[in-house]
Every structure is written in structure tokens, then in C-alpha cells.
Amino acid sequence: MTPQKSIWEKLQEIDRRILYLILAIAVTVPLWIPAKLPVIPDSTSMDLYGQLMSVPEDKTVFVQSDWTVSTRGESQGHLEALLRILMARRIKFVIYAAADPQAPQVFRNVILGLNQEREARGLPPYRQWEDYIDLGAFLNAEGTLNSIGQDVRKLFGPRRSADTEGRERPVLESPVLSRVQKIGDAGLYVVVTASATIDVAVQRISGKTKLAAMTTGVVFPSVLPFYQSGQVVGAAGGLKGVYDMEFLMANGVNVVSPTGKVEAQFPAKAELTAPPLTEIEPKTVTFARGQRYFLSFHAAIVLLIIAVVVGNIGMYKMRKNRRGA
Amino acid sequence: MNPETYLLIKLTFGVLATIGLYSVLYKETKLYRFFEHVFLGLAAGFSIVFLWRETLFPLWWEKMVGQIDEQSGALVQPAYWAYIVFLPIGLMAYTVFSKKNGWMSRVPIGVILGLWAGQQVQVWWQTYGGQIAGTMQPVIPTGLAGPAGTFQWTKPGNTGLTPEQIADFNTKIWPSQAVNNLIFVITVLAALSYFLFSFELKGKAMIGFNKLGRWLLMIGFGAIFGSTVMARFALVIDRMSFVFVEWVQSIQAVFNRGA
Amino acid sequence: MIPLAQAPPITFWGVQPGSGEMWVKIVVALVVCLLIMFGLTFLPNAGRKAVVWGFTFAGGLFYVLLWIVPTPINRGPSDLPRPGEEFGFWLQDALPHIVNSANILTAFLLGLGIYSLLRVHLGRIAKRQPDREFSAILLVCMVVMAGFGYADWIMRRFGEGREKLELMQNWTPVQYAFDLMFDGLLQQMDAAMFSMIAFFILSAAYRAFRIRSVESTVLMASALILMLSLLGALVALWNGGVDAMAVALNLPNASVDLKEAHFLNNFKLNEVANWVRSFLQVPALRALEFGVGLGALAMGLRLWLGLEKGGISA
Amino acid sequence: MQWLDTGWFGIVITLVMVTFILSNIYRADKGKKELFIRRIPGLNAIDDAIGRATEMGRPVIMVPGIGSLNAVSVQALNVFAHVTKTAAQFSTPIKLCVADAAVYTVAQEVIRDVYQKQGMIERYDVDSVRFVSDRQFAFAAGVSGTILREKAAATFLLGEFFAESLIFAETANSVGAIQVAGSTQTSQTPFFIAACDYVLIGDEFYAASAYLSRVPVLVGSLVGQDWCKLLIATGILLGFATNSLERSQETSVGRVPLAVAAPEKWTAMTEETKSVFEAAEDEIPLDKPRLRKRNETSVFRLFNPLVREADLRVERPQKPPAPPAATGGAQ
């Protein structure tokens, strides 16, 4: 009798390309499935959301964006979530890169995309000069952050931008920066990064203003000590951090219920309450990239686990057959 | 140029490059070979630029000829002319293809390695002293007073507990804390024993301890594997989204505007 | 370079930028170095090793001295050394100049790498070997990228109205071309190659995570625990179950409001994963690091003192 | 009191380590007895891998990682020299792909030397050592292309690898190459373990050249390293014991951090000096005794020497005030 190969044995010798194809499908298909998975946000994310939602409306938020295309998967979601919150609350912000000359192009594309989205929803777009200032890149993170800590007006002074009427004027005259005298005037200083620039920011800026971080999953563990010591007031890490932010934007954190009691939605600090973003601007997008990616991520991990289980069953069956023969 | 149109062109380039490189997952074809060589060429070209722009110009040339503030004319940094010696030392490396003077290429190599070697002695304690100290965990409940971010069984950040409650809580779980610290110390020692090369292990206990060390190392490696997965999968998901969602949207955006 | 800091004074070693004195000193130093180099070509075999080792030793000596010579306490910016502190002060002042020297030297060596590329690919074209068309593509890409890269840098650094170039609407074709090649292609290719790792993770895990031996089983188990703990949805369900069980069992401190304070917390998925990380991964890899650090220290000593036999210094 | 940055303890321990290593090198160099090294399976596999490549008539590909020129790359090249020696004897073609120009320079020389010493300089091909790219993922793309096109029979991935490790390992696996890998980068070792046939873990990588060559200097150094590890282990055990004892005792003296004791001095310090004086504290009596904290044990003090506020009072002569800026002019 010719030995018939069982399904398990065939699976043992499966062509890796079939595995690759399955993975590609498994991560691509969920991109179109609008499932909102349950999640318990990390306390770092809850703090970050709470901080962002409590920035006074007349303060300018500083956004330092130091990531480029290769870590888009995590960082773009961070930046989008951050800017969505700021735009919905009509908070003015200044954005720049402190290390990489290529970073501005990437955040410009993000702002462009968000403005298109806002227009599509009939919301007023965010405009350079009036609502935000794009300063481009500064080179040398160490020197830049040191100057920001010491005299932010001196650093920003030479930069110029077109105002609403198209005239080139120093950015310091813009509504965004005219009320910033020193870094302490910032509503919040958020570093969106894929590298160690957050360490430099902690050294040079923490203590002078409130510092928050949004970093890739790889950098995130090095931010946690700063969070625990209070040098960083809130942080989002990796893909989970993106989804956390979007989840919090939709649900709020520890909102006061109609009965007047603080409802601990997630195990969070009792004093930390911030409403969902939709209460402020009803048409805001809350779930976006993080939601799409998070389901794909679950699919990928589940696939990985299935692959491992199938592989082991196959090995077990083959061994048994061999022993039986 | 219109930003949206430019964005579409750029995204299209990116999509083509992604597909080209991904084709290697199926097979090494001419398509992959084309993109591989484009990649290598662009990377080499960029290295040439980057090298001058980010290393030689700021770290060498500007140091050598000094800096003067353009607006005020004030001295920013004097010209350290002695930086010129790096040039001949660096040039010595180019003798590597010469039969007679090829030995000279070892001079810059020697300097680089020497600097590295000296640093090892200098930084050894800075790097490992703290880690050695941190390993000396006591067998007592360290509770929430432990070093920031490390050995905390429960995080005060997300509990909403008062300090008194936390202290009370800790008194209840202290045995597990002491046990954990003991596990920590034993793990370090077992893993360290695996890296003893010049001692012949004798006795069941020693061999067992050594084997335990290897298993613990494997647990550590498994944990790294598991926790790296999120960052890696995030990237592939993003690539797929880049090709199938954003690019398509960008095309729509440009055509909608045109229509 | 920290802006606003007071500029270092003009000395024998640091002269006024752009002055004639600077150029004279640079040229003289260069000529002297080249003469020494020329002299070295006449060195007999026996002396060569000593020269190479001398340079290596000198390179390492600085850091060793920096380590062993006492650092001046609480040094202020305008302090002068007390007796006995001169050398410590000198080392501190020299450090910023030494720190980057390895980078500078390595940068000068890049030419050799480019030479290797040219050699391989021009050779392939000249010898009419297969794949020569790809070699040509490589060389063209290299030249175009370098050309636009320099043009862009010069415009952004020294050009008229360089502040304006930060904004896209003021770009010239040079900026567009460079951005397209760098951001549109090179970075996207980086990202594409980087993201491919996910596929390899799957195929590697499929083959390697088997219950074959104790080793591969524990490797798999810890990897699985960590992976499961990344699944937000699963963690939310699991931890909710744990809380519900705590309430059902009527454990002390268990309440719906303070979900953290009961013993079963230890079995929450993220806590288990954290435990594996903090009490198994961290110590095991710390021991490994100790070994690696000692290996580097020993190798550093051997290289520095010229004791390394075999390999490069044989 | 001047070694405040590391304390005398750090200096002494490092010196002891250095002495251990150097004295064992000396001992081994003078001694006659062959010293013992335990078996390292990954290194035994090298010859088998080359043998297989010879049988299949396909090349051996070596990658020293993407790190810059340092001990890791030098060590990788030492192992590659051994591989090349064996390959040269069987006239198996080799390829060495490098990502750093300085490493390329060294590799070029090492490989030529090997062929020269074997008296087979005619088999040496200058292009067998090639610089691929110094950009991480361009290097990854180039090397995977090479592995696939050349159908490598064996690959040696030794050195500093980062995210690209798995790209090489899985690509080589797909063409059925035998793989020996090793990285000092702990974050990449798991991927090598998953994808490669033989893996050198951590320190085994540094032990490789001693293991392969049995040169007394290298073996002696290895013995010295083992002594250092035993010293660390003993230290950990002692510290563990004293810490456990001391932490369960009560104290009636506390300490104030310098930032609190002398805030104006603290704020005047530069960041660099601050990091030196982080452990500076003054003593104060406590209202009621409490358990000792982590930073009140003798072990902690050994690692973080106690500096009092008084220690910071250093009077130095001052430089004459700087001339007004922008006057310029050579002096």
C-alpha cells in the first residue's frame, strides 16, 4: 500500500509562499472591516488623553515630530490622533522636526490628509498661520531642544511664513506664536518620535513645561521610567497606543455620568476625567488608522498562533505514524 | 506643483517600489533585481551626500575652519586647524590595494579600533556597575518602593488607590514579592553559569543548574520574540494599507478634483 | 554646538576663522603629515607593526586616561585648574574633539566602499557579464541621487532665501527631484524591506516553535504568552473574566470600582506577561549582557595592547 | 575624593577585571598545559557547512553584520578568516558582504592574507569581498538578492545585526543553506534561534576565535573572562545577602538629597555635574525609626558614593573676564 500523505503531513511541507499569501490577505482584508475591538487603554494613554483634553484653549501646543516613512505604521497613527484632538478642540499648535530633515514632509502629508477629511465633513480646515505653524526642520536635536528650553523665541525668530493674506512675515507674529514668550507658555509639549529624541527632550525640557510622548513600540519601554518619575505626563506606545487614543477619543475616560457620579470606565485615576471627543465636535473622526490596523494586527497574531498550533499537531501526527509503521 | 498631484506621483513611486521589492517573497525575478539595484544605487548616492552633509561638514570641516555668526559677525567657534590631520590619516586607508604600502591602511583602522578599545575600559563600569547593583535584590517585599518602572507588582498610576491602601495591599502580597526577587537572582546566576567556558562542569547539580540557565535564556529570547511582533506586524499592516487604501484614496482625490 | 553659550577663546590651537593664520597652519600641518607619510613608506617591515600599534595604543590611551585620572569636582565654566588638576582639566577640554574622531575617520573611508561598488559594477559592464544592465541602473541612480542631494543641500544651506525652502510651495525642481528620490523611493523601499520581516516572522515561527525539546517548548511558551498579551481585545476579555471571578468569589478588596486590588490580579494576562518580562527575561538577558560586556572588554584590551593574535593583527 | 563620578569602587572592580584578564593571558602564554574550553556546537558546525558547500559546488556567504568597525566586527572577521581558510583548501567560492567601509578595508586585507598564507593567492578574487551598502535595508535587499542568485549553500551571519537579521536568515533558509549565526545583539538572537541551524548565544561569539584557534593568548583571555564572571556572581550573592539583612532593619537617620539640601547650588550646576552629584545627600535624624530604604544600604553606598554638600565647595582661581565678543583678531 502506498503511504498516503495525510493533510497534516502536507501542511508540514507547505510552501512558505502560501503562508506569506495567507498573511498578506489576513492583514489586508480587516482594513475594510469596521470592527471596534474592546480594549483596556494603558494608564499612559489615559493620562495622555486627559492631558490633551485639558489643555486650556488659549494655549499653543508644541508638536515635535521626528519620524519618517519607515515607522509610519505606528507613528502616523499617533500624529493623526494627536492632531485630530487638537483640531477638534480648536487648539493652535506649532509643529516641527528636531532631528531629521526628512520628517517635515511626512507630517505635512498628514496635515494635508486631515484637512481633506475635515473639508469632506464640512468642518473648517486648519490653516497655516491662523491655526498652526509649520516650522519645517531644525537639525541637531541636542542643540535645538536646548535652545527651545532656554529661549524659544530666539530659535523661532528667523523663521518666516506666509500669513493669511500671503505676505511673508516672521512666524512669531502669527496668532499661534505671538502669545508664546517661553517654553513654559506651551499648553503641552508632545514628542512624536521613533528614535531617542524623547530622551533628549526629557533632559532639556521636562520641568520647564509639560512633556508628553508618542513613540513606537520599540522605543516605548525607555519612556516608561520617565512616565513613572513624572517627567513625562502621558505617553502612547506602539500600535496599541494608537488604538488606545482612538478608543479614548470615542469613549472618553472616566466621564461623569448623568447621575453626577464619576463612572470608572476603565481602571483609571479617579480624578482624571475627559469627555469623548465627539461631545466637543460632533463630526470628528475618532476611530481611524488605529482601528483598522488593530483588527489586522489581531488577525496576524491569531494566524501566527494557528500556524504554530497546526505545525505542532502535524509534527505530533507524523511522529505517531512513524512510530506506528 | 499642486500638492495633491505631487503626493499622488510620490505615492505611486512608493507603491511600485513596494511591489517590486515584495516580489522577492515569491521568487527572485528580474523585477526584484531591478528594484534591488535602484535601491542600492540610491542608497549609495545618498550615503555620499549624507556623509558630507551630516558628518564631514559639521564634525570636521566646520571645526577646522571655525564658525562666525552670519548676522552679528560674532565668533561662534574658533578654527581648530589641527583637524586637518584626520585627512592624511584617513587617506592612508586607500593604500589597502597596494602590495608594498598596504600595511599603512592599518593605521586609520588601528586608530578607530584603539579609540573603541579605550572606551570599553572607560565605560565598562558605567554600563554594568548599575546592573550588577540592581541585581542584588533583597529577599524582602520591596513593594511599590522599588526602583522606578521595574519590580512593581501593581502600578499606582492606574489604581486610584491611596498610598495607605497601596501599603496595605503590599503587606498582603509580600511573599510573592520576596519570591520574585529570589527568582530574579537565581535566574541571573543560572544564566551566567551557562557562559562559563573554561570550567568542566561536574556533578548533577552543576550540570542541572547550567541547563536551567539555558532554559531561562530561551524563555528570555521567546519573550523578546513575542514582544517584537507588534512593531513588525504594524509595519506590514501599514504597507498594505499604503498600497490598498491610501494610494487608492489619493487617486480618487486627484480625479475628484479634476472632475 | 550649543547656541548662546560663550564662544571658546582664540588660542594657538583655535584661531580666528577665515584668517590667513588659519590657512597657513592648515597647509603647514597637511604638508608635515604628508611628509611623514612619505617617510613611512621607507620603513622596514619590523617597524611597521610598531607604528600601527603605536597609533592604536595612542587612540585607546586617551579614554583610559580619562577613566583613571580624577575628574575635577564641580567645575564651573570660568574655573582655572588648582595645582594638580591641570591634566584632568586638559582631558575634559580635549574630550569633545576626540569624541567624533572615529566618525570622521570612518567617513573618510567611505570612498573605499564606493570604490568597491564601482569596481564590481563597472567591471560587470566592461566584461559584458550577465546582469550588466542592472549594474548600469545602480550607477545611474547613485550619480543622480548624489547630484541632486548636493544641489539640494547647497541651496538649503547657502542659497538665497533658504529659509523659504522649508515650505513646499517655494520648492524648485531640485527639491522636488530630491524629495521624490529620497522620500518617494528610498524611504519607501526602506519601509517595504522593513515590513517584509513580518512575513519571515510567520514562516520562522511556523518552523521553529515546536514542542521538540524543553528548550524549544519554553521558547514557544514565553513567546506565546507575550504575543497573547499584545492582543488588546483578548486582554480586555480575559482581565474582565478575572475581575468577575474575583467578585464572584467575594475576595477581599475585590470591588468593581477598584478593579486592581485583589489577589487574582496576578493572573491577568498583561500582569503575567509583565512578570515573564521582569523576572525571567530581564535577569536572563542581563547575565548574557555581563558576558558580552566582558568579552568586549577583553577584546578591547587585547586590541589596545596589541595582544590579539590571528585575524587582523597577525 | 576626586573620583566622584564613578567612586573608587568602580575603578577598583574594573582594575580587578582587567588584571584577571591580563594575568590569565600571561599565564596561558607562558604555560604549557592546554586549557579546557567547553564544547560550542555552533562552531563545530562550521567545517560541516563548508564541506556541504563544496559537495554542492555552491558558494559560502558571510556577513559581518551592519555594525561599524569594533571588536564585534573584528571578531566576526576572525571567524570568517577561519572559514575562508577551510574554504580555500577545498577551493569553495566565498562571498563576504560588508555594510561599513572601515570593516570593508579590514575584511579585504584579512581575506587576502588568508589566501596568501595558504599559498593560494591565485584563488583569491578581489570582488569576493564587497561593500554592498551602508544603509540598513538597502544592505538587506542587496544581500538577500545575492543569497538567492548565488544559491548559497552555507551562510555565516556573525556580528552586530539589527532588524535585518531575520531577512537574511529566512532568505538563506529558503534556498536550503546551512546557517551558522551569532549576534551579541540580544534583541536579534531569538530570530536567529528560530531561523538558523546553529546559533552562537551571547558570549559564545567572543569565545569563537579562542575555540577555533586554541591560541594561548585567546584561551587565556577566555579563562580571565570566566574569573570575572565568577567574581560578578559572588558579588551578586554577597550583595543579595547583605541587602536582605539590612533592608529588614530599622533606621533612625534619613538623608536629604542635595537638590533639597542646597537648592541654589543644585540649580547652578550644569547637567553634566548634576549627573555626577545625583547621589549627593546630607544626613538628618528622623522623627521615628522606619525600615531602611533601597538607598540606605551599604551596598547602595558602595555603588553610589555618598557626597555631602560640603564636598562640593571647591574654590578655584577664575579666568579673567572674557573680552567683549566679536572683537576677533588673532592673538
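Labels for the chains are A, B, C and D, by order of writing; each one numbers its residues from 1.
To be clear about the criterion, a residue touches a chain if its C-beta (ideal position, glycine included) is under 8 Å from a C-beta of that chain, and two chains touch if they have at least 3 such contacts.
The structure displayed is predicted, hence computed values, not measured ones.
*Asks:* Can you tell me which chain is nearest the middle of the complex, judged by mean CA position?
*Replies:* Taking the mean of C-alpha atoms per chain, the most central one is B.
*Asks:* Which two chains does the highest number of contacting C-beta pairs join?
*Replies:* B-C
*Asks:* Among the chains, which has its CA centre at the largest distance from chain A's?
*Replies:* Greatest centre separation from chain A goes to chain D.
*Asks:* Rounded to a whole Å, what is the gap between the Cα centroids of chain A and chain C?
*Replies:* 25
*Asks:* Distance from the CA centroid of chain A to that of chain B, rounded to the nearest Å?
*Replies:* 20
*Asks:* From the C-alpha centre of chain C to that of chain D, how far is it in Å?
*Replies:* 13
*Asks:* When the centre of a chain is set as the mean of its C-alpha atoms, what distance in Å lies between chain B and chain C?
*Replies:* Spacing between the chain centres: roughly 7 Å.
*Asks:* Going through chain B residue by residue, note those that touch at least 2 other chains and give them in order.
*Replies:* 3, 14, 21, 24-25, 33, 35-36, 39-40, 42-44, 46-47, 74-75, 93, 96, 106, 108-109, 112-113, 116-117, 120-121, 124, 132, 135, 158-160, 185, 188-189, 192, 194-195, 217-218, 220-222, 224-225, 227-230, 232-233, 235-236, 238-239, 242 - these are the residues of chain B that touch more than one other chain.
*Asks:* Would you pick out the residues of chain A that each touch at least 2 other chains?
*Replies:* 16, 20, 23-24, 27, 69-70, 72-73, 140, 240, 264, 267, 297, 300-301, 304
*Asks:* Please output the residue numbers of chain D that touch at least 2 other chains, ranges allowed.
*Replies:* Touching at least two other chains: 11, 14, 17-18, 69, 71, 74, 102, 105-106, 109, 134-135, 137-138, 141, 163, 171, 186, 190-191, 193-194, 201-203, 207, 222, 225, 229, 232, 325, 328.
*Asks:* Flag every residue of chain D that touches chain C in the complex, lowest number first.
*Replies:* Contact set of chain D toward chain C: 1-5, 11, 14, 17-18, 21-22, 25, 68-69, 71-72, 74-75, 77-78, 81, 98, 100-102, 104-106, 109-110, 113, 126-127, 129-131, 134-138, 140-141, 163-164, 166-167, 169-171, 173, 184, 186, 190-191, 193-195, 201-203, 205-207, 209, 213, 215, 217-218, 221-222, 224-225, 228-229, 232, 269-270, 273, 276-277, 311-312, 314, 316-319, 322, 325, 328-331.
*Asks:* Inside the complex, what are the residues of chain C that reach chain D?
*Replies:* 6-7, 9-11, 15-16, 19, 21, 67-68, 70-82, 88, 102, 105-106, 109-114, 116-117, 119-120, 123, 186, 189-190, 193-194, 196-197, 200-201, 203-205, 207-209, 219, 223, 285, 288-292, 294-303, 305, 307-312, 314
*Asks:* What does chain B use to touch chain A in their complex?
*Replies:* 3-4, 7, 14, 25-26, 58, 148-149, 155, 157-160, 227-231, 233-242, 244-245, 253
*Asks:* What residues on chain C touch chain A, complex-wise?
*Replies:* 1-4, 163-164, 166-169, 179, 182-183, 187-188, 190-191, 194-195, 198-199, 201-203, 205-207, 209-212, 220, 224, 227-228, 230-237, 239, 257-260
*Asks:* So in the complex, the part of chain A that touches chain B is made up of which residues?
*Replies:* Touch list, chain A to chain B: 17, 20, 23-24, 27-28, 31, 42-44, 46-47, 69-74, 76, 109, 112, 116, 140, 216-218, 224-225, 227-229, 238-240, 264, 267-270, 289, 292-293, 296-297, 300-301, 304.
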